[in-house]
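In what follows, chain A forms one complex with chain B and a second complex with chain C.
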Partner chain A sequence: MTLFRTLRRWQLLLLLASLGVPIVLMLWKPYVLIEGLQRGGLYAVIALPMALILGVVGIINLAHGEFMMLGAYFAYWMGVYAGLDPLVAMIPAVVAFALLGAITYVLTIRRALKAPELNQLLLTFGMAMVGTEFANLMWTSQPLKPHLSYVYSSVALGKLRFGTYAFIYTAAAIVLLVLLQLFLRKTRLGRAALAVGQNPRGARLVGIDVNRTYLLIFSVSIALVGALGAMFLTRHSVFPSAGSPFTMKSFCLIAMAGIGNLPGVVWGGFGLGIAEALVSSFRGYGGWADVVFFAVLVAVIMGKSYRRQTA
Partner chain B sequence: MLAVAKLNHYYGKAHVLRDVSLDVGTESVGVFGPNGAGKTTLVHAIVGLVRPRSGDVTFDGRSLLRLPTHEVIRSGVALVPQERELFPYMSVRANLESGAAYIPGARKDLPAALQASFEMFPILKVRARQLAGTLSGGEQRMLAIARAMMSSPKLLILDEPSLGLQPSLVTELFHKVRNLGERSAILMAEQNVRQSLKAVGRGYVIENGQIALEGPSDELLRNDHVRRAYLGL
Partner chain C sequence: MSLKGKAMGLRVWALAILVVVGAGFLVAAEEGPIKLGAVLPLADITGAQGSKAMQLAVDEINAAGGVLGRQLELIIVDDESKAEKGAAAIDKLATVDNVDVFIGGMSSGVHLGELPALKKYERVTVWIGAASSLVEQAVVGLDWYFHIHPWDYLQGASYVEGWAALQAEYPLIKIHKAFWAYEEGAFGTSSYQGSLVAFSNWENVGESFKSALLGGGDYRAVLRHAQEFDPDLFIWVGYAADALPIMEQAAEIGFTPPLFVGSPPGWPADFGTSPLADGVIAYGMWAPSIKDVSPVSQHFWDAYIAKYNEQPATYFAPLGYTNIYVVAEAIARAGTLDKEALITALEATNYASPLGETLTFTPSNLIQHQGFRNQKILQWQNGAQQVLWPFEYATALPAYPFTGP
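Up next, the complex of A and B:
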């Protein structure tokens, strides 16, 4: 499990493509580039905490999107009862979801760490169902959305006029990536987390408290995704099943990037966001956007295994 | 320093440690025995990687038996595991640093300890920036030993350190282990009885989970059973 690795040749190619494609797009279909970076930023930033859990704790958290959905509800009700803007509600959300993450870890995840992977999947899948049904019972399936005027801010560049607010997701993805990389490489706790992700027994043997590391990483990740739920709410409505597509997409991004490759998750998110936006930009083909997501996923995974066979 | 008393361990119904008792003072001690005798299980029980059913392990008068592994390590025991247990996607240097970074008392001496590792195994200095997972088996073995020494442990446990090393390196390794004995007490599980006996002062022979023989090295060297079963004489 690599939490970071040296740049490989195919990653260089990807880097070139990721520079070349935007330039072409900027000239040809600027809206696709803008929409893609915004959408891709949202996918990427939400996938990052899931990648952290998988890379360090080794658990595929199928309830990831549900934690985001609960975070969005949390922010919505913070708005209704305390008058907090969702972006401000991110702060109490961090605290509340760190706690929720810790409780979830202690009560469920910790007990399943040594269980077969299939059981772990079933466990987190079950948690996702519980989360969805809980939201359904508490708040019905009706979509909820606060009214926020600032999300409609836009700028005009020459003939180009576009919304700027959603770049918050693009920025959030990059900021979170940088912060996580700094944490993992520069702090003792982060390095311990990397060690635990690569070899838990080896980590114990150098004096790392593996259980505490798992608890910490799981809580931090849930805190992050809960707060991101609040950020999600600024542009999207929340309803009980709002989170599940994000579980799927996060998981796909991580599978594409390879476990532990956080920058890969972010580039992949932007790539897929742009691909989706491109398809949607052809009138009448909008419905194919989701198909593109999975088509790119299948292509990348097949390409990877092909390379492995020929390497 | 280390006292193991009447340790019993079972894997399911298999009784793999039977009333094992041994002592390590400040000297070097060997544990010899064939495959499956229970050597790895014994050292795992000492550092808390397996939980024995009965018996006790004390280190400097304190029982280790209920402690989680990381606390055993922080109390001054280091293990070079049979499977090495390195961090494959970290550089050699980062692996070495990890040996001291999480032990409160060892952190401040990290640069000196790193220097000492490179002196003990010069090849590690050459490979310092290479990922540990890309080292050869022998190089990984050296890295595992150096990583364990990074914390200047009071007791160093080595589980089959000579496994997979070329004969000339084995000789060199036991020579180094003997030198390490000046800095730490040593408990070494080995199958290569002939060579490792020269590196330790005292030895135990463990067979089917039981201590079959014990004594100073020169006595074991003269023992008929040891000569027949382990030295092929």
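Up next, the complex of A and C:
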């Protein structure tokens, strides 16, 4: 009872919904819950590196999806030339994209840190265009996808048959969240990054090398999203514009969760994934999935705004 | 000699020089190449391979002495799959390059943007793409416009005929119920609406999905609905990016309809290498296996691979090749580049194409110069597309029913 007393009414409602909706779905349409968690896991895991950059460096990286797309191409060609499975190619992708992230930061981002936010947006938007056109010139618009038999592995429980591989995104989102939280809370570097994210001037005054922290966080984020591109490739085709929709979805998730709220990004991703799967489960209403995505986003942002005003 | 006489003499000399120099230019122009201006989306496989096939045909014709004793020059401009770029390409080809004939094309949307420019110059145009009947409505009454690709309604009629023929020939194949999964954009929606009219004797159910091209990629909800409907024929209308993921997700939920049909504008180049491709039905104008029944197709296949060290993977390759030969042969028949003579010569086209069929121009619903009218029903078998229908080009028997991986 102490727990219930300490919770506010909206928190209690949210808690009940979080527990009740999955139970109802499990009994009514179990595949909605399964596929929603899988779909939401993908959204969440891709959004986490973007949330990290926004939370610490304070820049909205509009080239986020393009880095993921380049990671997917990297994994594809590692498969063609070195025979690596995309999941194995995640390892070299981490190294290659950490380097790419560092170069990108030194050459571009660092020079725009003190610029107005609009200029920063234009810079990353330009980088996104360069990434897309680069892929177009290098590999044309033809979609590429390796055949991987494990991606359609499934289990049957009575009449219900569902894919198991896509849980990799759900698991990856949770593991990445835990690792990032441990890094940010338990390591010296992570705590320094949190301090820089909260107050760069204060962090500098206490001796933290802010520029090096930014470089580290940007490189780590690009390394993560590059590696996630390889994981994305296992179930999706890659083509030059494959990444841009994920920039928008990632940004929306972060906006919904609040800047710096990494757990919120993951739970928000799961929530939106389940909402989309639920809407799509009604024949003829699949087109409403995007509407639901943005309706939930708007509702959450307005709710937060209302709470702030009434607090 | 008086001053007046000297001035007169100078004028005569100047006139003589002008005549000599002008005649020289005229002779040079007369002996210059015949210019063919092509507009294609070069970043897409259709434009990339279509343009290569065009260049192959031009090189073959030039090696054989050209046309009317002149070489052919192919000038290709990338439309980047954008209507405004396509319109600018037509302007550039007409004014800067001064081409004699316009050729090429892929997307209907792009072509609708190009048409005002084409109408401005009114030069002979022989177009291989743009299947939408909206384009047909926009070119009514243009005697200089020749269209090679079947219009959308001709394709629909072709499939109706094809499925009826296949059911009659192979009694095991029975289609009463069809489920249409179509991408939610204009391409998928118009294809579905057209199909409802064409296949009105079937029980049809349709549902849209978000293509991977537009940020989608999860087809499981639509596939589950199709599974519940239990159709005799399942068809998805989307893009190449959807092809393999749809097959994987169908396998994931155990969806194996008796006929699994895909209808993208182009297939991924390596789709056939996936075991999931086996038994999937495809629509198209050409398949590599046609080379087994067509010597022209065999020649095209061998020449293309010899020149580019890659296999043609889209029917826009043999279409591009056909585009050049049809124009070149018409110029040769006309004996001149005069517009009226060239139109008359094109109307007499009778070209055995590498697509398997002989190309002639006959009236369609709205225009006078329509080329091909039929599509083909194909099936992926052992990594290659085989022709199931029309039976005269058939290269394999249908593998039925579809069993999945």
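As a working rule, the second predicted complex is superposed on the first by the 295 of 311 C-alpha atoms of A that agree within 3 Å, B and C clash if a C-alpha of one lies under 4 Å from a C-alpha of the other, contacts with A are read in each partner's own complex, and residues count from 1 in each chain.
Operating definition for what follows: a contact is a pair of C-beta atoms (placed from the backbone, for glycine too) under 8 Å apart; a residue touches a chain by one contact, two chains touch by 3 or more.
Note that this is a predicted model, so its numbers are computed, not measured.
In the superposition on chain A, A:209 contacts chain B only, with no contact to chain C. Put simply, more of the residues of chain A are touched by C, taking chain B and chain C as the two choices. When both complexes are overlaid on chain A, the residue A:304 reaches neither chain B nor chain C. Shared-chain residue A:152: touches chain C; no touch with chain B.
Once the two complexes are overlaid on the shared chain, A:110 sits clear of chain B and of chain C alike.
By the touch criterion defined above, A:142 reaches chain C but does not reach chain B. Residue overlap on chain A between the chain B contacts of one complex and the chain C contacts of the other is empty.
The residues of chain C lying in touch with chain A in their complex are 43-45, 48, 81, 184, 207-210, 212-215, 217-218, 220-222, 224-225, 239-245, 248-249, 251-254, 268-270, 273-276, 405.
The touching residues of chain A, counted against chain B in their complex, run 1-5, 188, 191-192, 194-195, 198-199, 201-211, 260. The touching residues of chain A, counted against chain C in their complex, run 31, 35, 39, 136-137, 140-145, 147, 149, 151-154, 156, 161-163, 165, 235-237, 239, 241-242, 244-246, 248-249, 277, 280-281, 283-284, 286-287, 289-290.
Every residue of chain B that touches chain A in the complex is listed here, in rising order: 47, 49, 68-70, 73-74, 78-79, 81, 85-90, 94, 98-99, 101-103, 147-148, 151.
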